[in-house]
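In what comes next, subunit A is part of two complexes: it sits with subunit B in the first one and with subunit C in the second one.
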Partner chain A sequence: MVKVEFFGIYRLSYKMSSWEVDAHSISDLLKKLSKKFPVFTYKELKNSVIMVNDVNFLHLKKYKTKLCDGDSVFIMSPASGG
Partner chain B sequence: MIDRITQSIRDKKIAIIGAGGLGGNIINYVARLNPQEIHIFDGDVFCKSNLNRQLFCTNKTIGLNKAICAHDAIIDYTLAKVIAYPHHLIKSNSYMLDGIDVIMDATDNLAVRYLLQSISDEYKIPVIHGAINGLYGQVAIMQPDSQLLSKLNATKKTLPTGATLSYVPALIASVQVSEMAKLLAGISTLESDQFIIIDLLTNDTRIIKL
Partner chain C sequence: MATKLGAYAGKVLKINLSDQTVSEYPITDDDRKKYLGGKILAARIIYDFIKGPIDPLSEENVIVVSTSPLNGTGSPSSSRFNVSAISPLTGILTSSNCGGTFGLSLKRAGYDAIIITGKSPSLTYLEITENGVKFNDASHLKNMLTGQAQQAIDGKSGKLVIGPAGENLVRYACAVSDDRAAGRGGIGAVMGSKNLKAITAYGVMQQPIYNADKLAKLKKKWTKRLKSHPLTGKQLPMLGTGALLSVMNQKNLLATKNFNTGKFEDFRKISGEEMAEKYLVKNNGCITCPIRCARVVNLDGKNIKGPEVEIMGLMGANILNNDLKKIIEWNYELDELGMDTISTAGTIAFAMELNEKGMWDCGLSFGKVDNITDTLKEIAYNTTEVGKKLAKGARELSKMFGGQEFCMQSKGMELSAYEPRAAVGQGLGYSVANRGGCHLNAGYAVVLEGLGLSVDPYTTRGKAQLAIMFQNLMEGASAGGSCLFTTYAFFPFFLMSKPNSIVTKLVNFLFPYFGPVIKIANKFPDILHLNLTSMLPHPVAITYATGMKYKMGDLMKAGSRGFNLERLINTKLGISQKDDKLPKRLTDEEQIKGDKRTKVPQEKLKRQFYKGRGWDENGMVKLSTLRYLGIDKLDDDPIYTRPLEEQGVVKVIAPKSIRKSIKKHIGS
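Here is the complex of A and B:
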């Protein structure tokens, strides 16, 4: 299982700080997340800062980044209001 | 340490872009640090819905320009020379920021933030980025040529900004001014690819490396 930690608007909307899921890639994880909690679509979830084991997924293989059992994923949507 | 911070600000010119939720609080905190000059940009006027969180919005200032109201309020207590620009910052007037020591980002949309990033690169001015959404917010130091905003908002889109409460912009503004003060004093520990995230719902604060 992959441990997913939510921050900001996701934490508020999903009403939980973390979630565990069986996912083999970031893309797979976001699809499962949007299916389980339809408040945000897969497309909307792509507007996120995503860290895999504390490494920005932009430095990895982005949505194709492989996930393994025990991996930790952090997901937040950057704030933009003022 | 306090003396060092106070001294380092005294001869600085600080621009604050936006005089709303974040901006009102930033302007207040910066004014009380007494820099050499404070430049305030905002083309909006106060409306009733701003009363819940925007420091210089009162029943008496509704309908008045935000930059002018901020100017009129702080000249009573700051030693800084205060210049208010009652219009939005756009590419064609961005030359007015040439010579500014630090820019405070108190805008409310990504388009202006990307403009600030290009101004930062062009004039080599650091920008103290801040943004809020609901009960959380973020702060970062955007150094010239760091492209920090592009890294933070890879898709150039964000989820809709939810309603917020008075204390959220106050806290994020406070952290922004703190980072500004430390940067000017040469004691900042925040790296150019890091940003601070603060969630007031769970009191969760972290530094994330982009």
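Here is the complex of A and C:
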């Protein structure tokens, strides 16, 4: 399972600080998130700042970044500096 | 009327507390055009009074409380006013911006600014109305907390008061208006040294607007932009400035354990998100502000003002405290006692490290929170030896006990919560800021380097120019009367709302390379003879409000004039390049061991900054720079030597048709 933590407007909008999901990539995670909690669409979530194990996913493989069991993903508001 | 411009009250008062006399001060419309208002006008006034170093707590010091042209015009986020004086914390100029109602009330009473000199023989409060100034006995307000004192003063007036800390000359005591503070630099102590407990202002005067119709349309558009911007429309209203804390932690920007590192393990427990979920009652804002970044929180059944990100970081991560409730409690207590939250927190963190290193047995330790509440009172009331020493600020402590290399201050002012080794442009700003280690006067480059955009935080390329540009912009916006958060909307929406797009990545990458272009614009702002109304509505609003033809370049030039004028005052007070520095921890020690990028390359950045500013190698403003900014002959023209009649010769700049509109407005 991947541990997802929400920050900024996401945490307030989802009304939860974390969520656990079985996802194999960031793209997969965002799709599952938008389906399970349709507060934000997949397209909207693509504009969030995403950190995988403390590294901005832009420095990895963006939406194709692979996720493994035990990985930590932060999803932060867009206006948090990319 | 003493001004032919719209939006100004047209009158500045000089109040001498020693002999209780009041006179009008001869500010002209030429001054208003050059120095706008707020902190820049205050610097121009103070320049004439300061010949060399003074004891800031003596009656030689001068306090200038100044409003700005946009105050009272209903422009978004435009109720800010300024208080300037020579700081007892730093010994140099300080200017504190405040969002309370006092500024607006002062203007309604018919005054653009007041200059307070001398010292009252006993505790007094000033009552300013359209009819003049009344000197009242304030013995019944003695030692009152700021909230109590405001309640004790009757009436609908705007109030500016000090608490026990100001009366007891704590060097970082602040002045409070409503629940907002003129926080930094010890304005409260200067008021206390003059036996001035409070100032109230009341009036119903409405200044005429040069072009009320156009200003109304602009205000509508401006408000809409602020409300739809990701930062000012969503993040700040929903989470307040506390929203930044989690981001700061992720980017190694959260000062932790007296700036030993930039990450705090327990950041979640002291974050803006935590505050919103557990304590937030509603958001709040200054008059006319659509952003509404202030927090109202519930603490044990009582609704009080919530903390800002700076104290959340400095009284949280920086002292290894993970109890948000304590931070809320201390924040409230500090406002009531009348002490600057940033300097108090920075001084306490330094004392903790001194104690940890065995250099001062003060009883304060990292992670130990049970004695902090008492310590705050000991500082404010000067009741213990430890409290008395802490009341002098971190720099004075380092003179007593050593530890300069980890004393987190610049020019005597404690640094804000942003760890600059992960944002070197911010580090440069801290070292060259006029009031000392202030994140705003620094140019707030950290917004580009991680909090808003993601420009490479470690490169030195272009950083000096970016710092200068944002210093000028913020000086100008502040002097105009706008909250600095309105300058956030300067950045196009997509850069903030689409951080992962190729365009945003490209802009982040290219930003430092714009340095040479920005350098030209910084040196010769006149070339920006245009207005980009959607990005920077401030000069357009000033034009519509006052009738002065302000363009983007004029605002930047006024900002540059202000920054250089403040530097001139500071150089009279002994400041030079030797003082533009950070503690060695930040310049010589890597934040992340083994990563050479993670320290502030201060000397290199400073050289670039001086060149960009038009200063010499010793940090003195060059004559050519002064000449370009029109402040090279100030010594030949002290304002106080001018006859008041001079105001009558100022030319009306409004065309006939517009003058008619002003007349019509006055008539209505």
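To be clear about the criterion, the second predicted complex is superposed on the first by the 78 of 82 C-alpha atoms of A that agree within 3 Å, B and C clash if a C-alpha of one lies under 4 Å from a C-alpha of the other, contacts with A are read in each partner's own complex, and residues count from 1 in each chain.
The rule we apply is simple: contacts are C-beta pairs under 8 Å (C-beta built on N, C-alpha and C of every residue); 3 or more make two chains touch, one makes a residue touch a chain.
Since we're looking at a predicted model, the values are computed, not measured.
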Q. In the superposed arrangement, which partner chain does A:F40 touch: subunit B (first), subunit C (second), both, or neither?
A. first
Q: Give one of first, second, both or neither to describe whether A:S27 is in contact with subunit B, with subunit C, with both, or with none.
A: neither
Q. Which holds for A:R11: it touches subunit B only (first), subunit C only (second), both, or neither?
A. both
Q) Do subunit B and subunit C touch any of the same residues on subunit A, and if so, which? A) 7-9, 11-12, 17, 46-47, 49, 51, 54, 56, 58, 74, 76-82
Q: Sort out for me which residues of subunit C touch subunit A in the complex.
A: 230-231, 234-235, 238-239, 243, 246-247, 250-251, 268, 271, 273, 276-277, 449-454, 496-500, 504-505, 508
Q.
Can you tell me which positions in subunit A touch subunit C when the two form their complex?
A. 7-9, 11-12, 17, 46-47, 49-51, 54, 56, 58, 62, 74, 76-82
Q | Residues of subunit B defined as touching subunit A within the complex | A | 18, 20-23, 105-110, 113, 130-138, 151-155, 157-159, 161-162, 164, 169, 197, 199, 201-202, 204, 206, 208-210
Q | Residue ranges of subunit A touching subunit B (in the complex, touch as defined) | A | 7-9, 11-12, 17, 40, 44, 46-47, 49, 51, 54, 56, 58, 74, 76-82
